[in-house]
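Two complexes are shown next, each including chain A; its partner changes from chain B in the first to chain C in the second.
And now, the complex of A and B:
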């Protein structure tokens, strides 16, 4: 390929920066490495084996939520109810165990609840025509109200059979490996597989990129959107099951604030709020980055009350980077097209 | 549905349906519990409602311009916090009020600049500032005990008496009147509607869309600051989680008042009526001994009901419009309203 003068003038640094900006997953990886390096120099404790192990273990719930959120974001929606749904599903599992159901049935009940909430969101959006964030905001209020009334504000306890300690990762499965790690891996493989290799995955991207275009190509847009919300509801249920095991009790405010962490992790991982862009691997790295940042400020000795501010700040920075990435990749595409047509840039 | 034309026209006027519903609900509650309309009860519940009504109006202005502001609740909480902080530090009432309003202004400016300068989705920016303001209030309450203030004149902002009516009412009424005038009678106000209906067309017509959008977020921030000051004055002490969830009630109130989430439709008094409707429901449920947690479910249902009702009314109005146009040279095409506007988060690149 013919090299133009502008490409010759481009330094290596320029090219690396452009590459990092164009591929969000590479970008978040670079951010993660940067945080780790920064931490390694200032706080050697950070790179301690047990600290890193705890960090990954702590990020798993947000990671699973972020993967579900990524599917919804890819299809052009947003799910604000994901945190509350998680708490509701945790409550359902705990209550089912207390009711005397076997573990298997209790887990199934939580999954059914998650799917039901997802279906409810989907119906509000496609049948009643509510905007995504209003429908899921209403669902957030509704679900948290249901949980408060049901538990009367008293945390659900007494469901922690020994198997539940394994489910929550408090008792490791084999060696350092915990069941939540395995579950997160499975969720990643399933959702990554769906997004990357199935027709449904392609439809998610198509609907997120252009609803009209997808509709005109014969995609059943409303059904695909509904399926995206059911996926995020199921992801919330899986996270809720783990959360019930980890927390050993289910207070009514268990899921508060998790929706913003899930959105932040997904957006750090390169999912675009305008739809049609996002990766499961990005969500995983995003969740770990978020956990690393929180871990780091805890190690430095910043009180935990600052956590909300930090997460909010990270979210702003992530969207800003995301936006810059979109602009740069657009310019790169333009330049490539110009080179192909032989126009000197 | 065969509504008479006049009725359908009246119902499709922004704010009329909610006003009728409000009167009905008040009558029903008065029949159920006769203490509902006693002067003390009314004063109490309107006093409680005023800060949220201010937030409702701010959110309504942003929604009319086609945006959304989720940060109003915690910004109001933080403004209440900074107001108290100023008072605790020994500042006079007027300085404290300025500090509170300025806090709202700073957040409004930040939201608006992030959205207009960097082109970031308004929904995500305000979600982030929701957390930042909430977090700052938690930190502030840990540093300074925000209570025990006896600065003269501060509690009079809400509890004072002017012509037999509490001063809080006067302040709110003046702000609402100013906002209504601003929205209906000024060029800037009309531009807010224009960019809500069609930003592209407004741009072509010479409206600086970004500047108007920035203006709406600044207004919403200012109103949140004012709401925070009144909250601080009424409560006399500020807790760490003050304002959490108010954005939800504010959006629900605006939507109930017929402010269209697609942008371009709504008015200040309709939003106030919607907010009053929610406050009335809350008060009515409380007087009848219903657990306050049910209110969050009621609010969620009200949002859904408001949007569905809005769609029905629009179809109704469209129907009568088509009937009138029948026989004319070119009957308007059966446009499916809302469909295209309501999908997605309403952000366009």
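And now, the complex of A and C:
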């Protein structure tokens, strides 16, 4: 009975604040609401329906990448090659279309390329024992080099067919709904389902949280890590397909800077670089928050070259917020444990 | 009675033969064997570095042996990874916890052995309800509630993690259960509960390999014991035919009685501490939810023992004294002056030092050398102009500690992770001594180290206070506290609930058991409301 009385002593505000700090997903939601409120008072254009619609639509590519990145982060890795892989897969899609392959074959080829790059990352890490950071950085180099040599620096063009305008979201599917929205939702459901409700998902968390513990429990740690990179490669491929459709041409530098945005969105959404923590819903909200922040500074009239600085700043803030949330939730737990053991406040 | 497992022609469940393992020139195991009969509890004994852990890692598929055979029920096994061993019904409770902090208790228990349900026609979705139903009764027996099953293991303390580990091993069908120091850190009740389970498993026909440093635990429970020393098998005996002294003799290669008889009164019995200088005084120290009205003093030349059950706030008290955790009210006097340490480095500068609990996680810097580990808290002693490290000084300083404390390593430039637990602990003691402290706090100084290393660590503590230092010792083993301390205070739920003064005097008059029981009663009893 002591429990209830001591909990009553906390004010509601106190509890709401604690809750926001403890749950990273709620934290990012609060940040998003804050940005919207800020914008509502200063720039009413921001809350304009078409602006919000464009904002969400524009965040989808980063969102899909961030979801793949979240899976890798949860399993204790990091994928720096995700942006370049996206560009490479966009190139494969475009080239396959130009080659005269039917649409679905071109899409399959892109997915296969994504999975292949992910497998390559996984092999470099588990077979050669390279650190994740180095292996995926090297892969970034390989993939972008291949794309440059292959395209000779000239953007791939001439592959757009009417269906492809739908794939890229340039032609809506039905009403305001675009195909990339549906695809992002599907990716979210599949990856969210895997992380939350399957053996593989549990193993991602286990490996990211404690490799030794997972290994001693009979988890095939290396295979699981490889699977995480294949997931992020596939996510990059899906994003690449959308990118090819949206951009209507594929330059070699199409993916530049996307790895940073993907990592930022995942981390804003509560994924921990140390592994074992992260959520698909968090990645989604993270991507939207990032897009909202960029959109807001665009509307204010800050030159677009400043965007990267803003993204960097938000990344720092998100990591700090994550750490605060970890500390606060540790304290809350401690308090709970003590209350359960009957130590009075 | 369940079905007995099929056996080999030799009537053995497990026959390990000719196993060797070498690491970069170091021989961990040299042609050892181990024979376990069906339905027996087989103790595996040996000092630190005897090779027990290596053999256990080989049996659980974590380490590949250089040579030799492992036969289970007449079938030769090829154990290449943990899942191979688990698949053959060999379950291990590792000393290093094999739990994953981010996962819930339930997911941890079933990690690697998840139960699936059908979803969209595919057998891919985890069936957490069924998993929970399967372990609920067993978990409850060990005091894990349904709520606990849904919490991440990272939120639990060391004790509860150990309990989860035990439940995890018991939850599945097992032919051979390996327990590596399963009782370390457990309270009496859980200990007895675990022993009961071990008996029941034996009745069911399961065999157990049991590693323990507490030899008295063996009697009445273990059937036979195999002793290892320095990577070789010394012999196998029937436990009922031996005494603790016999086993100690086998473990350390010396005749019984040569150990410093630890339960006799220490030579410090005559020390009259009352008149000595006060070093530390706490007055009404509070920390929300953790510590409540703590007042105590420590004098020069004194060892103050802190007893209490896990969760009583002992480690928290040590952390508050060191300034690692902030206190919310109350005062701390250090050498007569009020102080407020802003962090442990401030405390270190003033002459306090702490040997943290849980050596592996908090104490050692595994990738650094022994000498670097020793000098890390007082680098200015081996540096010039505040930043240049004089590595020769560092090495020679470490060398002198190696000789003084008897740290067993060929070279102090060796990485500390390659040392056995007891020697790592001695190196950490050396690190603390090297800061030249007036007060040293030892949090579980002998956890997980063998009997002879334990005696040596005890002697180090005694020597430290005999030379004018003061010490606070936190230990779960009450016997250890009584042997070591001049005075013992007892904590319960964040408060001091009693104290036993002049312990050495009581020991001289032969009241060891009486003192022990009094402390036990105070720390566990329902004395206050």
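Heads up, the rule we're going with is that the second predicted complex is superposed on the first by the 333 of 345 C-alpha atoms of A that agree within 3 Å, B and C clash if a C-alpha of one lies under 4 Å from a C-alpha of the other, contacts with A are read in each partner's own complex, and residues count from 1 in each chain.
The criterion applied here is as follows: a residue touches a chain if its C-beta (ideal position, glycine included) is under 8 Å from a C-beta of that chain, and two chains touch if they have at least 3 such contacts.
Since the model is a prediction, treat every value here as computed from it, not as a measurement.
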Looking at the overlay, does A:209 come into contact with chain B only (first), chain C only (second), both, or neither?
second
Looking at A:219, would you say it contacts chain B, chain C, both, or neither? Reply first, second, both or neither.
second
For A:145, is the partner it touches chain B (first), chain C (second), both, or none of the two (neither)?
first
Go through the superposed model and pick first if A:133 touches only chain B, second if only chain C, both, or neither.
first
For A:197, is the partner it touches chain B (first), chain C (second), both, or none of the two (neither)?
second
Should A:263 be classified as contacting the first partner (chain B), the second (chain C), both, or neither?
first
Per the contact definition in the header, classify A:274: touching chain B only (first), chain C only (second), both, or neither.
first
In the superposed arrangement, which partner chain does A:319 touch: chain B (first), chain C (second), both, or neither?
first
Contacts of chain A common to chain B and chain C in the A-superposed view 275
Any idea which chain A residues touch chain C in the complex?
197-199, 202-203, 205-206, 208-210, 212-220, 275-277, 333-335, 337-339, 341-345
Would you tell me which residues of chain B are touching chain A in their complex?
68, 114, 118-121, 123-125, 127-132, 134-136, 138-139, 142, 248, 251, 255, 261, 291, 293-297, 299-301, 303-304, 307-308, 311, 338-339, 342-347, 349
Using the touch definition up top, name the residues of chain C that touch chain A in the complex.
60, 62, 81-83, 86, 92, 94, 96-103, 107-108, 111-114, 116, 119, 124-126, 154-155, 157, 168, 288-290, 292, 311, 313, 493-494
Flag every residue of chain A that touches chain B in the complex, lowest number first.
76-78, 124, 128-135, 137-142, 144-146, 148-149, 153, 211, 257, 260, 263, 267, 273-275, 303, 305-313, 315-316, 319-320, 323
